[in-house]
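Two complexes are shown next, each including chain A; its partner changes from chain B in the first to chain C in the second.
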Partner chain A sequence: MAKFHFENIDIKAIVTTIGNKKIKIEDEAENFGYDEKMVNRLKKRMGFNSRYVVKKGVCTSDLCFQSAKKIFEKFDKSKVEALIFVSQTPDYKAPSTAIILQDRLGLSKDIIAYDINLGCSGFIGGLINAYSLINSGLNSVLLCVGDVASNFSYCKDKNLTPLMGDAGSAILIEKGSNRADFVMHSDGSGYKHLIIPDGGCRNPFSEDSLKEVEEDGSVRRRVDMYMNGAEIFNFAVKVVPELINEVLEFSKTNKEEIDYFVLHQANKYILQTIAKKLKVEDKLPMETISIYGNQNSASIPGTINAFLNEDFSNKKLKVLFAGFGIGLSWGAGVVDIDKIYAPKIQEYKE
Partner chain B sequence: MKELVLDAIKELNKELKLKELEKIDENTNFFEILDSMAILDLILEIEKKIEEKYGKYIQIADENTMDVLKSPFRNFNELVKYLEGKVNG
Partner chain C sequence: MTKQEFLEELAEVIDTEIELNEDTNLDEIDEYDSIAILSLINFYDELGVKVKPSDFENLKKVSDLIKLAGDKVE
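Our next item is the complex of A and B:
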């Protein structure tokens, strides 16, 4: 496992912007062939009540742009020396969306800007990169994370689409006085369990890429995300409790010292199972997925802005973050938070 | 444990109302009757009943739960043995 220890670095601000189109599970029932009984089961067990998505054409960078603009109403953007964009939905295949965002946000041309392709572990991966840059001498890093999942989940895929929400977060990390510890894992042997098969160099886009295929009772195309739900479930219930124990041990922290366990919002069952196993049910915030959907790399900051914004704004906290998913990739961090700028989650403004 | 599992199935079937769940035998493969969410429902019922009976939470799901070739849910007897192993430590 890759381990990282940092001191004298602060998260200064977290802002999340979500899609402005709310879809309730009942609205999609007919499309996915769900009867009333199934809708109720999805709500009760998986926490699928509603989700927020963008209108066609809105990109992850647009959501991150709005989040970052809000941060720069309070903080001096001229201090930013790096911009990292973590997403699976860049504006273009090339160039890096981070560099386009540098210009849109009016940041200095003297910054380093780059993209990272990570999904649900992306907040942790992004923080590790941002903290490492500060550790190397930079003063201020803007981390943007998120996905417009409605871009890659097919409208007829009832395994994946009803759980996905669109969100983009911006996080400002600067030199400061707090500590953080992270661990990270990668296992490419499971790459086929969550994958967009076509459109890259391995399987270039072709006519077949747009053909609908029926599989596991769902319909999708090869340009859309495929999820083997059973394998991802098996993966999550195995690795996440181990991951949390690992990061607690590495940071020499007892779970009783943690104020909040903010986990990637995969589904209600997985979250409850993990919380129950670790006996931390009272420290797990409300499931973001129930209202906003699974927001990929923005689900941890999204949960903070949705349900923990008051405590993050007004208190000194010790928080455990854990992200896990596509890759397969999983990571966690124990991070000290000291009264940061964390406004309520905001909807995207056209 | 066998009775506990049968109770959990009975409880689950109040909601699902599946005829196949009324005729469980030693070789029943739950993957042939239940979808993945119903398997989760059954896990939750079993976990609840174990907690009630033994006074402790035991996580039933692991990396093999949804694997049709390895999961204990592919056979009723296997499931009972698996749960006994979990409870006894």
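Our next item is the complex of A and C:
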């Protein structure tokens, strides 16, 4: 198991920007062929209610740009020595979006900038990278995470599309005085359960890529994300409780010492099942999905900025983060937080 | 648990008002869909039966769901 222990590193700021178009499940039920009874089941079981998406053409980097600008109203951007962009929706297939953001944000040319392709585990993967760079001698790292899932979820895909929200977060990590412990796992044998089949080297884009295909009651194209919901659910409820116990043990922390369990907001049913297994229902926020949708790698910072912003701004906390999903990939961290800059979640301004 | 108890719990898990018996065809139950499968994965887990999503493919009748529970149902 990949385990990471860090000392004297702080998360200084977390800011999240969401798409500015709110869609309620009732408004799009017809597109998916959902009747009133089904809408009510989805609300009750899965926590579906509303979601925020971007208008066509807005990229993840635009949301992260707005988040980062807000951070640099308070913090000195000339100190930043690395920019990491974690996303499945880059601006271009090449070059790295992180490098484009270096210029847009007016950061020094003397920085390292690169993209990481991770989804729902991306906040943890991104933090491990950022902390490792600080451990190697850098002073300040800007981590950007998120996705505009509306870009890859097809309008007629009733399994995936009503679940997804668009968000981009920026996180500032600097030398400091706090500790953090992380663990990470990867299992490529499950790669087919969440996949965009066409457009890469394995299946290059072709005329067939845009043909609508009906599969398990949903319609999508081969350039869109496919999700096998039952396999992902089964994976999540099995590995996440083990993952959380593992990171608690590695960091020598009792679960009673944890102030908040901030998990990737996959759907309400997954979170309820995990919270029940671990008996931590009162410390595990799970409302993000119902209001904002599943925000991929931005769902952990998104939950902080939406629901925990006051405690993160004003208190010393011990928090447990856990992300899990596409890859398959899953990871968790126990992180000490000491009164950081965490303003309320903001909508994208055009 | 007894077969009758299993059938009652099953109706609750699937969230259906149809009275279930062994011969009920699964495709007669409106609520037996992808959400119900997730609930069933949890239900079997709580019973102590390890199931995979693919175990639910090609099941026809409620009796198949009883069989899946193995010796947990008398």
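Keep in mind that, in the parts below, the second predicted complex is superposed on the first by the 349 of 350 C-alpha atoms of A that agree within 3 Å, B and C clash if a C-alpha of one lies under 4 Å from a C-alpha of the other, contacts with A are read in each partner's own complex, and residues count from 1 in each chain.
Please note the rule applied: a contact is a pair of C-beta atoms (placed from the backbone, for glycine too) under 8 Å apart; a residue touches a chain by one contact, two chains touch by 3 or more.
Here the structure is a predicted model, which means the values were calculated and not measured.
Overlaying the two complexes via chain A brings chain B and chain C into a clash. Contacts of A:Glu231 after superposition on the shared chain: both chain B and chain C are touched. By the document's definition of touching, neither partner reaches A:Asn8: not chain B, not chain C.
With both structures placed on the common chain, the touch criterion links A:Ser177 to neither chain B nor chain C. Shared-chain residue A:Asn314: touches no atom of chain B or chain C. Contacts of A:Met46 after superposition on the shared chain: both chain B and chain C are touched. In the overlay built on the shared chain, the residue A:Thr273 is in contact with chain B and with chain C. In the superposition on the C-alpha atoms of chain A, the part of chain A touched by chain B in one complex and by chain C in the other spans residues 37, 41-42, 45-46, 229-231, 233-234, 237, 269, 273.
Every residue of chain A that touches chain C in the complex is listed here, in rising order: 37, 41-42, 45-46, 159, 216-217, 228-231, 233-234, 237, 269, 273. The touching residues of chain A, when paired with chain B in their complex, are 37, 41-42, 45-46, 229-231, 233-235, 237-238, 241, 269, 273, 276-277, 279. Listing the residues of chain B that touch chain A in their complex gives 15, 36-37, 40-41, 44, 47, 57, 59, 61-67. Of all residues in chain C, only 15, 30-31, 34-35, 37-39, 41-42, 45, 52-53, 56 touch chain A in the complex they form.
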